[in-house]
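Next come the structures, one after another.
One chain, chain A, links the two complexes that follow: it is found with chain B in the first and with chain C in the second.
So, the complex of A and B:
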């Protein structure tokens, strides 16, 4: 019988004295710096979050045995988190999908079929749907985890082949608001600076981000900067929840969920009121704007708008621990620091005014000139390893073509058609369905065939039950390509087993505009195949089914290429050499040959190999650092904001009024619910849940309840709690902790168990600009159901 | 500077656990004997090591918690392994997962923790 925890502690204490004698303290292997017992190391990037840590996969007799950090990498400086050091265990995991599986109806069991059969079925179903219901009856829903080559070829076949812009991906759920923010504030997507600013920063403003758990290695760099310079460097953490990130904070601003816009406007108020504005920077580089028509307004009008956000007024709106003096203090720190860096993620992006929240952070940087100098940046952290590189840059969303080209702009659309060698007019001008609209269209029976690649929307969409019903419809054929069974393979007709990281070659582009190559090191298990091969073969069959040579034309440049290296290389070459030429994310210098030489890839713009071999552009828009800033210079000023979205080539300070969440607590649903990650798990845990160390560390989701609320509700640690919204319910064990503020509960979203899948509870309201849902805030009621009950970890382990 | 001996005491305490692991019986007992960790129930295994160790080895826990590893969320199992593959004294190579540069620059004839005290991980002792 196992020891109880108390017995274990007692026994251990009793043993202490005995353990002093006869113990050999000799440390074996201590001189072996590389004792992993690996005979080969292959370089690539981490498969999990958006930091882009460089790793080396250790192989012993061809089998993966370890991962270690690349010491010369400028992303992670050699560090790895527990996920990064352990994901090699997934490569030959017994749960891997290894054969194509098919069932005609979703109430039937799956049967194994060959790739020929699988591809024929996929081609026939999509072709039939196009013939019967039109081009927009089919859709692709991809992932910020797919390689750039994969997203690029998928969207090419969908747009130029099947003539639909129904191309979306899960980055819509995590960083679309950041895209909107960068475009409307700076005129160009993606950050100006990057991680190199961390070591030069004097004031970190971390808002809506639990960096310590969601981006652990980046947090390590921030922490190091703070601990090495405890007085010189200040950390401000603004979040309704106290998280592990708060441990390094000098100031923690705990505001009521959804009041961030008031806080940010109020900081701007103080900056102006106290004369902390960088007048020269504004004069040289900025204008003020408002409204849908982007009307230019005067500084005085902007200032008048801020009158509604004096610290006294804002503190009342924000609630929590926010005081007028606190707002003044953080505004001063922000403005006066020699270099200030803002970092944020889903707490800002997943809001019904996520774009506005992004704008208001950028406003602070523009007003104070905290941009384009070492250590200063407005840096949106990305959650997935290739949301930026693959989806944002590669054309993986319904409104954008590769290399940041809006699909609705005729000139840019025709450029793409010409570069692809397909007739003009082939790509429709109208954007396709954005994510929530796409799954609503599935619900409504408008989409008859959908291909879901490398993501699990049944678990990851907000208000998940609503959209699961659509995917369960028998008149919607669902193809899922993935590596493990998930909640989404459970609603599929056709499951296609794909190659995992290091089982294929390709590029990931991380948060800081950095593209990095991962090389194939091992063969995929069974019949699993790289997506690039799957799409090419599918497209050839589609061309036959629809008797359409243009579909074949889409993959013609890639015919006959070996799938492990030559095929992705050919796709990357087409994308970078043709599509990014002359665009702000010019990647022509980042060839596979260059990327293989670099320990950590290349930051765009990088128009030539010579420039790329130096690492690319560390700071966008700065003459002397960014070759495009020199090329597009319109005057002698040191910064040139040449972004394609602002014709005046200036930064825009926006008037954005305060707007609360779509659903605030009321008498029926009196608590705020927010959700997020925990360090051991990632997304829907289909990967991290299969690594024993990670699953044991956090085997199931909890609901975090503030001690004050727990006291009111009679909830004790470990009690089972019902949490219920207008959309769905969960039953979770309680963690009573000074994490979420009083009046708010917090749940981790990785758990696959149907009682603990918190997206059954969250709300699917979305930002009208970015179309990103407000996962982070909804109203719930909570109730103690019982005392602690034994809970088992759960994973979907079969299709 | 006054030297504190908590890490050594804690290390010895852990080694004590190793010495007594073989006292258990049955299938789980053989596992316990292999790793040296006293037997744990299935439920016990589903919690972070520090949950017990902040009571069993409070000084070590506190040192880790306040260290860069603690603040940076580097957990026990990343160096010591888990219940099934516990190593009270980790291989030096484990440090190399994150600190390859340091391994190359530091003396090859010393354990990392002879200069950078275990669990505190100050730059120098």
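So, the complex of A and C:
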């Protein structure tokens, strides 16, 4: 980047002034760092979304000056989005938290303390709570942005040390339904294929995902594929809102929010009715199931269940622009294309029946055999850089231990205890609180100490005000470890400053089972420390406080290791070499040494270094591509579905009936509300809000209102609008646009201003299977308050 | 975060002195003229500067300050870019 936007404006200003007095200016570029001036480039992954773009951080005289894409990387092929290009500006940002901060009561101001004092306090509070109120009175709430090493060591100390499974993370809010879907349909979590399928795909079915803004670099690959083959490649976008993703779509199915299950069942109906089923694939690899007991049923019973979803019936349920003929056409395209790829994200996962919605997408792939072949896949996109690698694989949710081991299975739990060298019975057999239950337990006074790492639930939980009240309780001690002040540091007792990306070393695992290493390039500012160091030191103090040698045992293998590289490496080695051995996410080949050699990383399973050095497994379950498919082969068929959750080693087509949203509009709250992301911001904007180029582009959130509704309600562009649900309210400027369908409004959720934090309005009903909340749908009423008003962007800037 | 381009008119003969003073003002960038061979001092009375301040009010105040510098006759705005101001 030769010139920043502000520099450009300055030059324009100077040149304009010069033209007034007839002077020629000599404008020099001295003392200005350019990307090409960097004297050192350090390789890592992007800090932001779940695509896993590979980047290189440019340093000049040890200071970060630029980021560039890695050309040889199979994720981004050298491309980056604006966020990925600019996050280096956060590395030494003046707003960074640099000292531990403490206050005994939440109505007091914070004071700076030393790390010794901070860790003593954290240990004493957690130990006291365990002694007085039991092991389940403490909790850890982590993040899909924490490094795998961090999530792993946190959960190890919580489970084997403090003997509680109250280990959760924000991926519960975004990926849990996808996990449930993969496990129940394919018998194993995470996608079969990956991004490499994009360039071989002939039909993209994008549902409940604004890929263009939420995963821009991946969208570029999809767009390229479409534009290079405009006739051969079809793009179907199914979404109640017209988004930038819809622009490349051949067909945009605009259905009423919450009717996705009817649409997907109807596509299956057409596939069967028109004989588009891949009979051999079904015969060889699939069975049909229904109900909680997972009873096997016949194909005929499945077919009968679909009778309720003929295109005529489904079109009526779906509303919007959906016609029976459109459903038929889409089903035909899906089934007949040489290779079909489905992509989805929060629109499907954040539903009261998110797991079912995932199942129904997988159903279509199983019925048509659109799996395991080049270009065909059922690919759930992740929203965070390490939701897959750290939280799903590393044991970061209350019901799973590292390497996809359910807590409640005795054999697997004991395996973990043995591998850790702690006594059997140390890890409780019962899963802990899932996210909504965890914060409800905080509300109820059952959790007395909670550690929130690298995430801001005060802004990101649905029905946010309800859970903020709990976190504000004086009898719940809140530790927050993060890099910037957030809405959540505002309710903390102890704020611990952590190292940012490239200020520490560790692995992120992206959407496509790919683990990638980011190396430390610079020291963290002030006293900020990597989480792995913080947890190790905290655990040692906990062991003393509780006089419990087993807690010390949890971190013993990591004692004395240097925190920038040796410590995370030792943790990664333990996790991969011991815990993933013999599991479906076998990462033994993906050692730091191998990861440092790879321009991108390694896709698991990768049991050996030799195999990992070739990139790992591009397609799971395919013999010849996946070493575990060969190892676990039960017959001579080319695909082997060896996933741990299905004893019959087959794919399951599910009977899942249509179920609407938890809260549909009614006469009091007549509109649907949905929420989402804008390209320049990420999550709660604690990072992107501090990058001027991104913040200035979208300084505040607004509400999108369909022109028809705007007309009915007398709302004009820019007017201030009140949005109210049964839970809370927002006041936002209106954008009148053919985005959301009539009867629906849409709000971005990044804004930290209390008038514009839309999660104060959203609903916390959750999927009974995945426990993932239905952020994407609730009922609201809207009203014009006034004409346009000046709005000032807002960031929480102090604790 | 406004950015302004200004022409500062000075008492003839005092240009170098004023330039030196302006260079030390925070948020003020002074621009060098191109030296044309044979015409070393093409403009003896005017200086091009840009001001970059947190708020519009701060910019107005700064302009008033600059007007008070010994040797400055006027500080004239030629270009102004204003963006949303971030509240902290």
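Going forward, the second predicted complex is superposed on the first by the 764 of 799 C-alpha atoms of A that agree within 3 Å, B and C clash if a C-alpha of one lies under 4 Å from a C-alpha of the other, contacts with A are read in each partner's own complex, and residues count from 1 in each chain.
The rule is short, and it goes like this: contacts are C-beta pairs under 8 Å (C-beta built on N, C-alpha and C of every residue); 3 or more make two chains touch, one makes a residue touch a chain.
Treat the numbers as computed from the prediction; the structure is a model and nothing was measured.
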item	value
First, second, both or neither for A:82, with chain B first and chain C second	first
Which of chain B and chain C A:797 touches, first, second, both or neither	second
Partner chain(s) touched by A:212 [first = chain B, second = chain C, both, neither]	first
Which superposed partner A:127 touches (first chain B, second chain C, both, neither)	neither
Chain A: partner with more touched residues, chain B or chain C	B
Touched partner set for A:554, first chain B, second chain C, both or neither	neither
Touched partner set for A:69, first chain B, second chain C, both or neither	first
Partner chain in contact with A:696 - chain B first, chain C second, else both or neither	both
Common ground on chain A, meaning residues reached by chain C in one complex and by chain B in the other	9, 12-13, 15-16, 18-20, 23, 25, 27-28, 692, 696, 699, 793
Residues of chain B that touch chain A when the two form their complex	12-13, 15-17, 19-20, 28, 38-46, 48, 52, 55-56, 68, 71-75, 77-78, 82-84, 89, 91-93, 96-101, 103-104, 108-111
Chain A residues within the chain C interface of the complex	6, 9-10, 12-28, 692, 695-696, 699, 791-795, 797-798
Chain C - residues contacting chain A, complex	1, 3-7, 29, 31-36, 42-43, 46, 48-50, 52, 76, 78-81, 83-88
Residue ranges of chain A in contact with chain B within the complex	2-5, 8-9, 11-13, 15-16, 18-20, 23, 25, 27-36, 66-71, 78-82, 85, 212-213, 216, 219-220, 223-224, 227, 244, 247-248, 679-680, 692-693, 696-699, 790, 793
